[in-house]
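The two complexes that follow have subunit A in common; it is paired with subunit B in the first and with subunit C in the second.
Coming up: the complex of A and B.
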């Protein structure tokens, strides 16, 4: 019954740009491609929200349009406030083009961020640390942990800046945090570079402590499940968060409540 | 080995008998009987009336099932019953019967989680190995995936169940409850074309239906489409429109409201299922629960799964809607690992989350 997977056709003009866009990842909502902007020397990230044929066409257009505009608005606001996120280069929410000149989904073209995602960096570090921990004394362990602690502080500061600008991310994980660096290679264990927050697909504009605390809680849970060795340093992230944001005290107090409550409550009715 | 399954968590009392050959070949369904309590149009069912219905029918149902299966008391290995979740009074009536049979016949009891029953029956019937499960019924709406000995809930409704939303809207429009409201809504929706705008509420992998129900109810009232008299008048208009052309700008009919409600809530369900599939990296979807017998939901899920290079598994109303064999199936899987429920603990509970069950029978 399963058929060979074929990604949906690219919307115009990407159906005939050279070189053709390269598919990087497929999420539930969107496909991410690497392409170029204006000239082949300028790389760019292209996020396409293909039309969902299972939905009624009117509903589909409304949702796709609403969501991609919301995403772009959040990013543009953040760029203006000086928060480190990819800049928006171009977009089309009406989905002109497509296969038969009809509705082919909406797209958003963003600045290309060179560097690894934090998930990969932490995975590498954890693998190395696990293998070598046995041979290290206490001072060496402290020294080995220092760059990770520093990274978590920088992440905390980046999230503080995001929240201060009045935006909550909605899906903070280590896959949605990048380190901008041109000198990173696969073998390297370096934890350098500026923290850049990406993927604002579930972001919204909010200044509520509750929403901010849930943002932090989601990241804490994500770290717990994907990076068990780095999780103990989550406190460092909160230190960085507190330094970067005056209103952080009440958010962190709220985080205590959210932790106790969890995301799931017992079902009633 | 033979298991009897007894189900009565909502308005259906059902008995199922399953046989498990000693040589390990595929289990066989020996009997699958069910009796449904239906309230008149415009009304829901009350727990005390449903409980009375179950008490009246349960003994006769067990006798009928035993006769149909051609088995005797000595053939039975265990008595499986629904422990929850569900409505308190109906659950109690069936648990009481199960306890009585256990004492009378000297057979062990096996308490079963209703949701796990649906999942295990769906897996058995469709052969899906490790699917993302969408469990949708009148009382439950959950997106579930298996991971290390538990059925984990990835997303669920934040308020009422999707089936409850449909049932209650059926009451507003005076749509009959027989065979079940969702079926009649689906038949009416097939005659609708005009999509009216309703709220669309998805939060990550969770969703919410109470606001949609309030919106569509209010809309029906403002269009003057609620109540018994209007139902008759509107049915005539729907029939006329079926004959001739439908004016896209005309006032919506009850058919259009049903169509719009279905399109909106099913799109939400498919969206959260797709998100869970992307999250766990699965390509199979299994739809279980009463709402799972809806053909439009199955069609939409099929398109989504196809576009992801996967496939959808669904069952028909015999296994989708609450039944006894699913309780027998889930109960037997636990029983084979040595699990039984002592008489002292053979209580039932309205709140029994899917992830509370330790799934010892899967790797």
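Coming up: the complex of A and C.
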């Protein structure tokens, strides 16, 4: 029998929040809500990692705590370095109500980023481009592609800044890239706004070419499958990446290797 | 003169209204500190050296962390008010937190915070007690007042953010994409908020 899905009860203090936080998305590891920050006039994103009932409670707390702290450390480091990511406003990794029977989850309150995710922006553009390119001449096609090329360059520059600050994202997709703008509406094809990287749930601190190249590779593959018409411009992203990062040449050389073998390193030596 | 005591209802913490007053030219810092050290319950306040406070948001973030820890029964100190002073600090050392962020005998600018943890603590009761206890000029608790009080160099040092640009310094406007003073201050503020949130991790 189908029952209506009910998200888990909110932990304190958000059980008191008026109006209650609104559930936006749910992943395997966390629920994302929209709520207000510590200033009632300013919205905030609230990421809650619930405890996992199938894990041993002590191990569960340890893992949840470790992961949320790692995520927050990466974001806070990036904020300090001036990289465009949501700032951490408050957090709590202690759980509630003791080891046994208590709540072993953790939460992270972040700056709210207003604007669309790049996935949606590219989907809109691709749908429009597909429908109209038949009627366009070469010059019109070039003009239509220009904003997408420019966007990919800006994304490349944003990833360069991220890597330069010593952080790798671990899950770069067009759903984890946003355009900060207050003027975007659903029907808009505009590709404006500052690129903001979000969701550092799998991020770590690393300056290795291998890790950086895998970041680029994962995004390239993600684009290939979700945005086939934009993927040919991936080269532009690498141009933007190279402009923003001195070490880019060795990273891009490594990317060639990763492309040949895939994301996982061979275990055969 | 009745002090300008602001009562703030911090979102997510509806059961703990917070009363905040900002003072300049405080004349009796030494005696206020003495009351605190003597453990006089009437003087149970968070008394913060206001030169260590960058902005309203900075102060509220520290208060939020302390009140949340209080309501989850995990205070590192005697009460929620001493915890607020500790919450300003990015480090876990309690003595050092008080030395850096708490009132000293020579404090001239003072931020006073009182949380309504019981029903006897009201705006009026706090306002009346402060009026009779603090010898100073009351100013509004806002970013305008704080910008005249905060010691950016000292704040950056306490949060180990020396590498960040300081608001109020001259920026080469000819340089393209130079950040505005607001951008610079915002980056510093958000870096501080991160440090407060991560304390003890």
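The rule is simple: the second predicted complex is superposed on the first by the 252 of 269 C-alpha atoms of A that agree within 3 Å, B and C clash if a C-alpha of one lies under 4 Å from a C-alpha of the other, contacts with A are read in each partner's own complex, and residues count from 1 in each chain.
The criterion applied here is as follows: a contact is a pair of C-beta atoms (placed from the backbone, for glycine too) under 8 Å apart; a residue touches a chain by one contact, two chains touch by 3 or more.
On a predicted model such as this, the values are computed, not experimentally measured, just so you know.
Visitor: Using the superposition on chain A described above, determine whether A:135 touches subunit B (first), subunit C (second), both, or neither.
Guide: Once the two structures are laid over each other on A, A:135 reaches no partner at all.
Visitor: Quick check on the superposed pair: does A:202 touch subunit B, subunit C, both, or neither? Answer first, second, both or neither.
Guide: After superposing on A, A:202 lies in contact with subunit B but is clear of subunit C.
Visitor: Which holds for A:63: it touches subunit B only (first), subunit C only (second), both, or neither?
Guide: Only subunit B is touched by A:63; subunit C is not.
Visitor: Per the contact definition in the header, classify A:80: touching subunit B only (first), subunit C only (second), both, or neither.
Guide: second
Visitor: Quick check on the superposed pair: does A:88 touch subunit B, subunit C, both, or neither? Answer first, second, both or neither.
Guide: Once the two structures are laid over each other on A, A:88 reaches subunit C alone.
Visitor: Looking at A:38, would you say it contacts subunit B, subunit C, both, or neither? Reply first, second, both or neither.
Guide: second
Visitor: Check whether A:225 is in contact with subunit B, with subunit C, with both or with neither, and answer first, second, both or neither.
Guide: neither
Visitor: Do subunit B and subunit C touch any of the same residues on subunit A, and if so, which?
Guide: The answer is that subunit A has no such residue.
Visitor: What residues on subunit A touch subunit C, complex-wise?
Guide: Those residues of subunit A that touch subunit C are 12-14, 16-18, 35-40, 69, 72-73, 75-76, 79-80, 82, 87-94, 96, 111.
Visitor: Provide the residue numbers of subunit A that touch subunit B in the complex, in ascending order.
Guide: Going through subunit A, the ones touching subunit B are 1-6, 8, 26-29, 52-56, 58-59, 62-63, 170-171, 202, 264, 266-269.
Visitor: Along subunit B, where are the residues that touch subunit A in the complex?
Guide: These residues of subunit B touch subunit A: 85, 139, 153, 156, 160, 195, 197, 200, 204, 263-264, 267, 270-271, 274-275, 277-279, 283, 299-301, 303-304, 306-311, 351, 353.
Visitor: Would you mind writing out the residues of subunit C in touch with subunit A in their complex?
Guide: Per the stated touch rule, the residues are 9-15, 57, 60-61, 64-65, 68, 71-72, 74, 161, 163-164, 187, 190-191, 193-195, 197-198, 201.
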